[in-house]
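In this document, chain identifiers A, B and C correspond to the written order of the chains, with residue numbering beginning at 1 in each.
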């Protein structure tokens, strides 16, 4: 069986500066795969390329059997790839409910959409309580919940989360991470980008460590969690 | 005789026209942060498109019967030019420094004016435009032209229609999303290029309606009518909060009423005799704009948003 | 910094565009004459008479009348060999009724070493910006249409301190001092109007005319119901109409051009204010009636001279104009343009005769022409042509026209003298 997502020798540049310099990895259906690495390593660039917002200068991305090059972002979504971007990027002047409905923009099954909106409210009850409120009025953690809920609304085959714990309080971070565990248990395939390496590694099936545009190290979550170098550089141990 | 009701009505009519044109500026700015300076000319070509339809219709045709056809003809011309400008002039420059599309817009505006001036038969002088009769109705002390009734009715229908479209339709929600965050809108599966085209098209459509209303109201159109009207409408859009469609309409009405009142009453203020009247109305309109922007930099209904850039 | 450069670029672009449109103006002069015309060898030479007028856009119908009125004078001079050995031709430049463009045209004309003198312009405001250019080059300029008294008598003419600012400037049309007064007299004494609202367009011609009308009307005992100013290019006059309605004026006097007055009269009548609009020669044009339609009925305009169609001496001119199919309105200034061009042609002959039948070097010829034009004295097609010490025509004929049955109809002609 081939992997759901197959990234081969992907290279991405901003003008002349190459931010991703030939990385390869894959995500199998049902897995949680994480990319960790310091700020500026190229993680966000990778995700934005996968969802079509950036055009690669080389390499090949295959998703669900289709080569993604030259497919515009709005079509990639329809293939089943959802992307919850770094910094959350909820639509601040729309209500929470409208945000969720936009996540289901390409779906036509109104009954199913209504059901999934309710499911999102079950997953994040606070969103249900404030459904008619402008999304911009939510706290950072609540916005993150909304961004995740919104990404789920497209019924993705693969959910990409870019730093969902960024800037959150420890309690909120806990909540987000436990949601990811819950999604995993429901069988959702996830590509998780995190700076919080401890949390990410402990729930990942596979993990890749990125450093200035390349993958330095790969392994299972547990392997890397116990790797000397990783512990030193990313888990803040001496 | 109390003239205030009449002056308010005068301002309301004029302001409705500013508002209709301002929608085009504000929709496009809201979605691509581009000031489409050629929009005044899109308004002008819509009027000429409608006039062409009128001239092609049999002589002596009832104006009421002709009006729908004229609106369609004007709308086709305006929408095609607006969408063509987006596709061939602005889209290739997306991502270029902001100065590039701005200069393109100014160039396009001059080109459209000259094209009509040179190629439209007799357009080097004012062209007659049919009117819905020129006998006013009287509402108390207010005299109202049929042509103005058409203008206000058109503005209301357009505005209500647009509000319903943006609020309730799927495309409308996609528009709001694109305006707030174009990249993320794409991640929702929204084809933002299509949304941009639709924004230009709606702007063109409203401009054509305004162009026809202008022709009916004044009984004549000129190749350069888009310059002043466009400038006023742009002012209205900024006054109301550029990017906000209700702001555009409100800004138009406020501007129209301010001009009418400045013409009528400023000169009566002791010591202001020299600064009142029609000749100063434009100046007062801009004074109002500056005052509003000093107090509310985002405009009357605009939201305070950090510049993306 | 970015904003500065933006402003700069916009300015450059706009200027560029304006220059481009100026270049696109119609010109009858395609090729340069082979002879540079600077020396009279006695053999046949070609001399150019410049024309400056709005040939496109605002006022162009009247402007084209200037161009082709001059053209017919030149054709007649050539076919009658009025100046033996000299063939005249016309070089017409379009000023678009813009002072800046007029100034550029004046510069182009004085730099063209074939141009001996110029007929034009139409608008007083444009003339102001051209006078100095012609004066510096010692080139005669005869306007068949400018009516602002300042142009010949200086800014303080009204207080009796008349000073001629430029000795190179002449006109065959009489001034607003006469026109405005003539109109006030007609409104008060003939129309029996007692309460007039006065509006002008803030331009040299319009504001001057309105001020003169106002002064004279008040001194006759009439009441000024109110005053206002508009901007050229305005289209909406509804607020103004409401003001006029409230003032209960029995007439509106407008100082300005037909481009605005045709809209004002339409909106006035549509607003239920059924009073006549009266103006000066700036709105005495068929375009006014055509555009304003029924609303124009009963409106009035004064114009200089008497209707060219009633002048026996002008019948050949009208025939020629129609036969050639020339565009534009010749009715107002066509005859004066013809006479202005003829005054130049006659003066060329005078200068050559005094120089043994040869034309002096161009600089010298232009300078001598100024004196020769000053001494002009002949019967033109629109009346007797001669100039007083200010360069004004001595022919002070004026006519009031009224729109009747869709045409300007002369209702009173006369000479106004204060």
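Remarks
Everything below uses one rule, namely that a residue touches a chain if its C-beta (ideal position, glycine included) is under 8 Å from a C-beta of that chain, and two chains touch if they have at least 3 such contacts.
This structure is a prediction, so every number in the text was calculated from the model and none was measured.
Note on connectivity: the fewest chain-to-chain touch steps from subunit A to subunit C number 2. Of all chains displayed, B has the C-alpha centre closest to the centre of the whole protein C-alpha set.
In this assembly, the chain whose C-alpha centre lies farthest from subunit A is C.
With centres taken as mean Cα positions, subunit C sits 76 Å from subunit A. Between subunit B and subunit C, the centres computed from C-alpha atoms are 37 Å apart. Per-chain Cα centroids separate subunit A from subunit B by 43 Å. Here subunit A touches subunit B in the complex through residues 51-53, 72-74, 77-78, 82-83, 85, 89, 91-94, 98, 101-103, 105-106, 150, 154, going by the rule given at the top. Listed in rising order, the residues of subunit C touching subunit B in the complex are 2, 5-6, 9-10, 13-14, 17, 21, 56-57, 60-61, 199, 202, 227-231, 233-240, 242-243, 245-246, 259, 262-263, 266-267, 269-272, 287, 290-291, 293, 295. Residues 170, 173-174, 176-177, 180-181, 183-192, 303 of subunit B touch subunit A in their complex.
By the touch criterion given at the top, residues 1, 3, 6-7, 10-11, 13-14, 99, 102-103, 106-107, 110, 114, 117, 124-126, 128, 134-136, 143, 145, 214, 218-220, 224-225, 227-229, 259-261, 263-264, 267, 277-282 of subunit B touch subunit C in their complex.
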